[in-house]
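Have a look at these structures, which come just after this line.
Both of the next two complexes hold subunit A, though its partner changes from subunit B to subunit C.
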Partner chain A sequence: MLSLKDKVTGLMVFFLITASQVGVGVLGFQSIINKYAGNDAWLSVIVAGLMVNVLIWVMYRMLKNDETGDIISIHNVTYGNWLGAFFTILFVLYLVLLAIVVLQTYAEIIQVWMFPHLNIWAFLLLLLPLIYYTISDQFRIVVGVCFLGVVYPASLIFTMIFPLQYADMNHIMPVMDHTLIEIVQSSKLAIFSFMGFSTLLVYYPFIREADKSQKYAHYGNFYTTILYVLLCVVTFLYYNQSELTDVIWPTLGLWKIIELPFMERFEYFGIATLFFSTLPNVVLYLWAATRVVHRTFGFAHKRIALILLGIVFIVSFFIEGREEINFLNDTAAQIGFVFLFIYIPLLFVLNYIKRKVQKK
Partner chain B sequence: MTKKASQKKAERDFDRLLKKLKTKDGFMHYQHDHPQGTMHLGYLKTAVDPEKLEKYILPRMQEYIYNDLSELNQFIPFTKTELTNDSSQIQEKLVNGFVFIYMANTRPSFLLIPLPLDEKRQVAIPEIEFSVVGPKEAFVEDIDTNLNLIRKRLTIPELHVRKLKVGTITKTEVAVLSIDGISDEENVNTAIQRIEGVDIDQVIDSSYIQQTIADNKNSPFPQLLDTERPDRIAAVLAEGKIAIVVDGSPHVLIGPTTLIEFFSAFEDYFLNWMTASAFRMIRIVAVFFSILITPMYVAVLTHHFEIVPQALLTTLINSRAQVPFPPIMEAILLEFTIELLREAGARLPTKIGQTIGIVGGIVVGTAAVDAGMTSNVLLILIALAALGSFTTPVYKMGNTIRLIRFPLLLISHVYGMIGLAVAIAFIMVHLLRLTSLGRPFFEPIYPFRPADFKDALIRLPFDKQKKRPFQVRPDKVNRPVGKDHTK
Partner chain C sequence: MNLKYIVAFGLVITSLLINVSMPSKVIDKINMITVSGYDKAEQNRIKETVVAPTYLEQGTVEDHVYTTSADTVYGNRVKLNSKASEQLLNGKLRVAFYSEELAKQGLKTPIEFLTRDTSIDSNLFLAITKVPAVELINTVKTKKGKGVYFEDLFEHNIIHGNLPDVSLKTFEDSLKGETSDPFLPMFGIEGETAKLESLAFFKDDRLVDTLPITQADVFKMLYENVGDGTYQYKSDDYNISVENMESTRKITAEKKNGSPEMTLDVRMTGVVREYTGEQVMDQKSKIETDIAQDFTEKANRIIKSFQELNIDPLKLEDFFKSKHRSYNQDQFKEDYSDMTIKVKADMRLTGTGTRR
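Showing the complex of A and B:
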């Protein structure tokens, strides 16, 4: 089994949760979530954050009760080996899909903003070796990438000060002029930016004194929520709502405000820095997928990683254009929503019942 | 066999040995008549200290009264003499600086006296890690002198020296030093195990050991720190690290080490903590600058000149107007020139090296700009980057920093800032994967240990350093602290 050397401290859960949530989404989620709640959408972010907190609590309850403490064994206990393996494979597909979505979205931003003639497959040829290099070794390397992927891009928070000089309070006032239903509807859209924390179901056994690490998971989610709310409020203060519908990546627009004596067009630098925030997403999803396949079928970890990266490459090869990426994003959001809010609670209940029955 | 017959055989054996030895270059042989029979004394001229031989051995052999070699041995004022009948080892002993005395008809028939010629360099001022303040001793090539220099600073019984022999031909003596009760046994065992596993025929310098016991041999980063300062070794031993001393090398290895330790000069500990911290920060900024500035120049000028503000753009364009090359060629040309200068300076004798530096730096640089081969701005940037890489206190790390610039340059040319970000991520992951004697190399940044930052990017005052670095997993975490005089 896992030795103490493979494990990471409880504090790292903070970074794992945050790193799995924050990514390319920060560039554009503001113009998506205001669909229903408009200028009150920042409240939706808070609602979404709270809902995710509940889900983290549910996940921890399940994991603490389980002997091995990961989704494979939960599945096996709940459904038996065969059906359990089936659901596990679905989970792997979900993770791989998330990884592809993140990669595609980031590649699209680079294409639109920096290199219009960039071949995505050529860019992936550069990136995939890096991902393989990260996930083929111990888990602590992945955690290290997550840690630095939270700490270093956190410096970008200060860039939010610059757009405030053009802030207009009228853009965000009056607060709460949307109904609660609208806010909750928007929060459903906001959830997509919080996704990825479900990898907790895989890396839980890699945490020292894992049952005591729950508070860090909540802190991590709390940090993400605050970050999003801050970004959302700054965006809403700067843009008015009708402008926002035309802008795909509002954050890049905010960065354009920044002018330093040696640097204009800060968004180039921002996109490059955001790479360090995107990488942990992909790395964590693909590591989790690899780990799950390894646990289920027992193939060598490195070989699975290679195969999964191959799949990512081939699938990415066939995705082209804004529509397809949008479709992919929407599908992933839908699947993720179903997974988090329908499947996880269901699994929790089933698991609970199964345990009670087995005890008797 | 009768006594006489056995004596005859012994004499025949000795004659054969003598014949063989006489074919050797520099073999010296004296005979001396003694009531018991003829005595023979032999040694290799180049291996033996002639002064000691003439002063202590020959007079005693000729004038003192004794009946056999064991009696003679009592008069000899040297320890580690050997009495033996076995003539098979003689050759090897002679090479190691022994003198043999043979006496026929007695047992034991050989007396071996060690009189090796010690050609040692005097302990001198550290040249590579020179410091204005602080001790001025540096290691030399002799392992015993080096161990003595360390022992002088750590006169405690807990200092544990374990000696090993490495190299199938050179049989170099390697000593692993640690302080019992402070350093983790696991680190010591890892080091010893790896040194024992070294399977090469010659160990000429400690860098042979450094490379062969490295955790990842395919890494440009050195994973053990080397130093020529005994004071530094004493200090890190007290922190719970271990030192590896190799015979024939004036550089002693330290492990487990961290990336940041490579950017701390030992002088940092002799200065006031604020000054020291500031200097250390300057070095770290210099390293980042040195690695990133030319790739950024290439990335920005090739792909994203929109980043440059208008005022600065004018300067850049003016300076680049005459240059016919793309930024990448320009940069590689200049980087290559700098490397050429460095390499030429390193290979030439000091005085000529200085001339080369002036010729290269001023003449070639100015001429290159005048001729329109490169831009002024890039020349400044590259010169600064080169300076930055030379601020690294550890020479080998400085080389690494200069090396990793080149792949970054190429990728910036192809993918601009994004490529640069990916390449930096590559280096980051590589550093995350690296270990030193099995301990994480990127500590205290990751694994994140806030306590170890007291002596990383900055150096806090000594009374704030009450705990030994967590990275080496010391047995005793707390350092003994004296009384606080301010209270």
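Showing the complex of A and C:
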């Protein structure tokens, strides 16, 4: 059983949720989500944020009613031990995929913007000990990383003032120029930037008075939504839509306009600072994956962590270039969408029925 | 257990060892390009001229100018590097010139690399040259370095002069946007110095028209809110020069009988600096109406020429699109050439200097 010492306070859920959502996605989501809704895509971000709030509510309902309060026990109650374990493994694969996507995307940005000759696998060797250190021991270390991952990069919000000198209201007006369907279609694309909060299904038992922590989860998601909407609006004011479609990392484009007396290029500072935002993503996904495998099969936590890191490392040899990373991102987005919007509600309903039947 | 520390340390060392062979760029071994110029060469090739300064001692700069031609801009870099003693890099590029000939052919391809290269600043200044770019670059003799020289020339003209805000960012924005056409400043040579001669207007990415820089004050006030401008007016009775001009521009777009009607309302204030008539105080309201009328006439002429050429550097379509949900791109483009575009001007003299 988990002792009180292993647990963290409810407030930390705010940081856990935000840190799991905000990551490398902030550099490029604007030019992806405008595919359908164009200049109204910032409304799609709000729609996506609200949908995620509903999902958080759904997850909390499931977790509160469960005895142990994590996805393994929910699966076992709902499907029985064997089928439950099967779905749990799928969930682990999803988490590992997300971790790989995040790491590869960040490595690609470093390669394109900073060091074109960077050896990605060798770069990963530098990170893996750090990740292993964070995930192999207590959950509190992961929470610490998540806390800093929200606090440090928060200062980057102020950099959004600089691009406003080129802001043009005509780029974003008129509001609601697109149909509701187009906005919802775009919000489907925006959901990818909110992914990762499903790790809640794993770390829930690690929260003190967990059933009272729900409001912090919603606050965390609100913070993410506000951050994204702000970034999205500034980007849409700065770029016109036809230009934006060509840009791979609009946020870095915004930073390109910043010139400080002591710093010629702000992007480098931005990319480096965003590492604090990327690390919690990876760490949280891999910790959750490790924890789930540990709970299902009972292998030693540290050993699983090593094996998962080994997988992440080996996969990095097979991924190269923009298209493959794009493909990886799209796949993860598709899987995540199915998982969050089809599987989770389904699980909720099945779990509900099962519990009612068992009670009788 | 010490094993894990050894392993972690081993991994870090391996990583560093493998990435240590990464080509590095040492500040003494590179040469930053500050100005580049592009001309058309034979067989559709591009001739590139770059200026790369070397800093000798305190305050003295020696500019090296290299010229070559190749099929692409970066094809030129290979040849340029074979002439330069250090590797040439783009990180400090401040100004890029394109010859008029090249601009008439279309600028989309020659400026492509500027937005693709991560090391190039979005604040970079772009300009067209009436003479070949190489000639313009070679003409300028300065002690502060050609890069700083041209950058300063742009900057003070944008802040205090007749030049609207032009940079790679704004050019790219108007070029890529389907609802506006870009414009750039055009330089020429007069004697031994470079001279800002006119504004060059583009249709898509091709140069189609120019407007002398002396008349660009009207365009600038139609295009954006001006913080510090000047205005010269000459009539049969008197000449007047107005300084410290501030102007705000307001556009209204209405739909009358199905076709769009735009009104540009420009409100200007300024201070008299030079006046050849008598008693400026008594004549104030007359001068104000004269200037407003003069402004309206000039503005109408400029807008008329835009409509004839079917170009939209004032971004009127952009504005109309943002205000009217019924906006239809084809319809607007069709209507544009004989659309009613009114100019309203209002001039207020807020001071007359130290004399009445």
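Criterion: the second predicted complex is superposed on the first by the 360 of 360 C-alpha atoms of A that agree within 3 Å, B and C clash if a C-alpha of one lies under 4 Å from a C-alpha of the other, contacts with A are read in each partner's own complex, and residues count from 1 in each chain.
Quick note on the criterion: a residue touches a chain if its C-beta (ideal position, glycine included) is under 8 Å from a C-beta of that chain, and two chains touch if they have at least 3 such contacts.
All figures in this text were calculated on a predicted structure; none of them were measured in a lab.
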item	value
Simultaneous placement of subunit C and subunit B on subunit A, clash or fit	fit
Touching partner for A:V145 - first (subunit B), second (subunit C), both, neither	first
Which superposed partner A:V357 touches (first subunit B, second subunit C, both, neither)	neither
Partner chain(s) touched by A:T273 [first = subunit B, second = subunit C, both, neither]	first
Partner chain(s) touched by A:M263 [first = subunit B, second = subunit C, both, neither]	first
Subunit B versus subunit C as contact partner of A:L4, first or second or both or neither	neither
Which of subunit B and subunit C A:D177 touches, first, second, both or neither	second
Subunit A-centred angle between subunit C and subunit B, computed on Cα centres after superposition, in steps of 10 °	100
Subunit B versus subunit C as contact partner of A:F115, first or second or both or neither	both
Touched partner set for A:D246, first subunit B, second subunit C, both or neither	second
Which of subunit B and subunit C A:M169 touches, first, second, both or neither	second
Three-chain overlay, closest Cα atoms of subunit B and subunit C, distance in Å	5
Touching both subunit C and subunit B, counted on subunit A across the two superposed complexes	115, 123, 126, 133, 259, 264-265
Subunit C-facing residues of subunit A, complex	112-113, 115, 117-119, 122-126, 128-129, 132-133, 166, 168-174, 177, 239-240, 242-243, 246, 252-253, 256-257, 259, 264-265, 267
Of subunit A, residues touching subunit B in the complex	8-9, 11-12, 110, 114-115, 123, 126-127, 130, 133-134, 137, 140-141, 143-145, 147-148, 259-265, 268-269, 271-273, 275-276, 279
In the complex with subunit A, residue positions of subunit C that touch it	7-8, 11-12, 14-16, 18-19, 22-23, 91-92, 118-119, 121-123, 169-170, 172-173, 176-179, 315, 318-319, 321-325
Residue ranges of subunit B in contact with subunit A within the complex	303-304, 306-309, 311-312, 411, 415-422, 425-426, 428-430, 432-433, 440, 442, 445-448
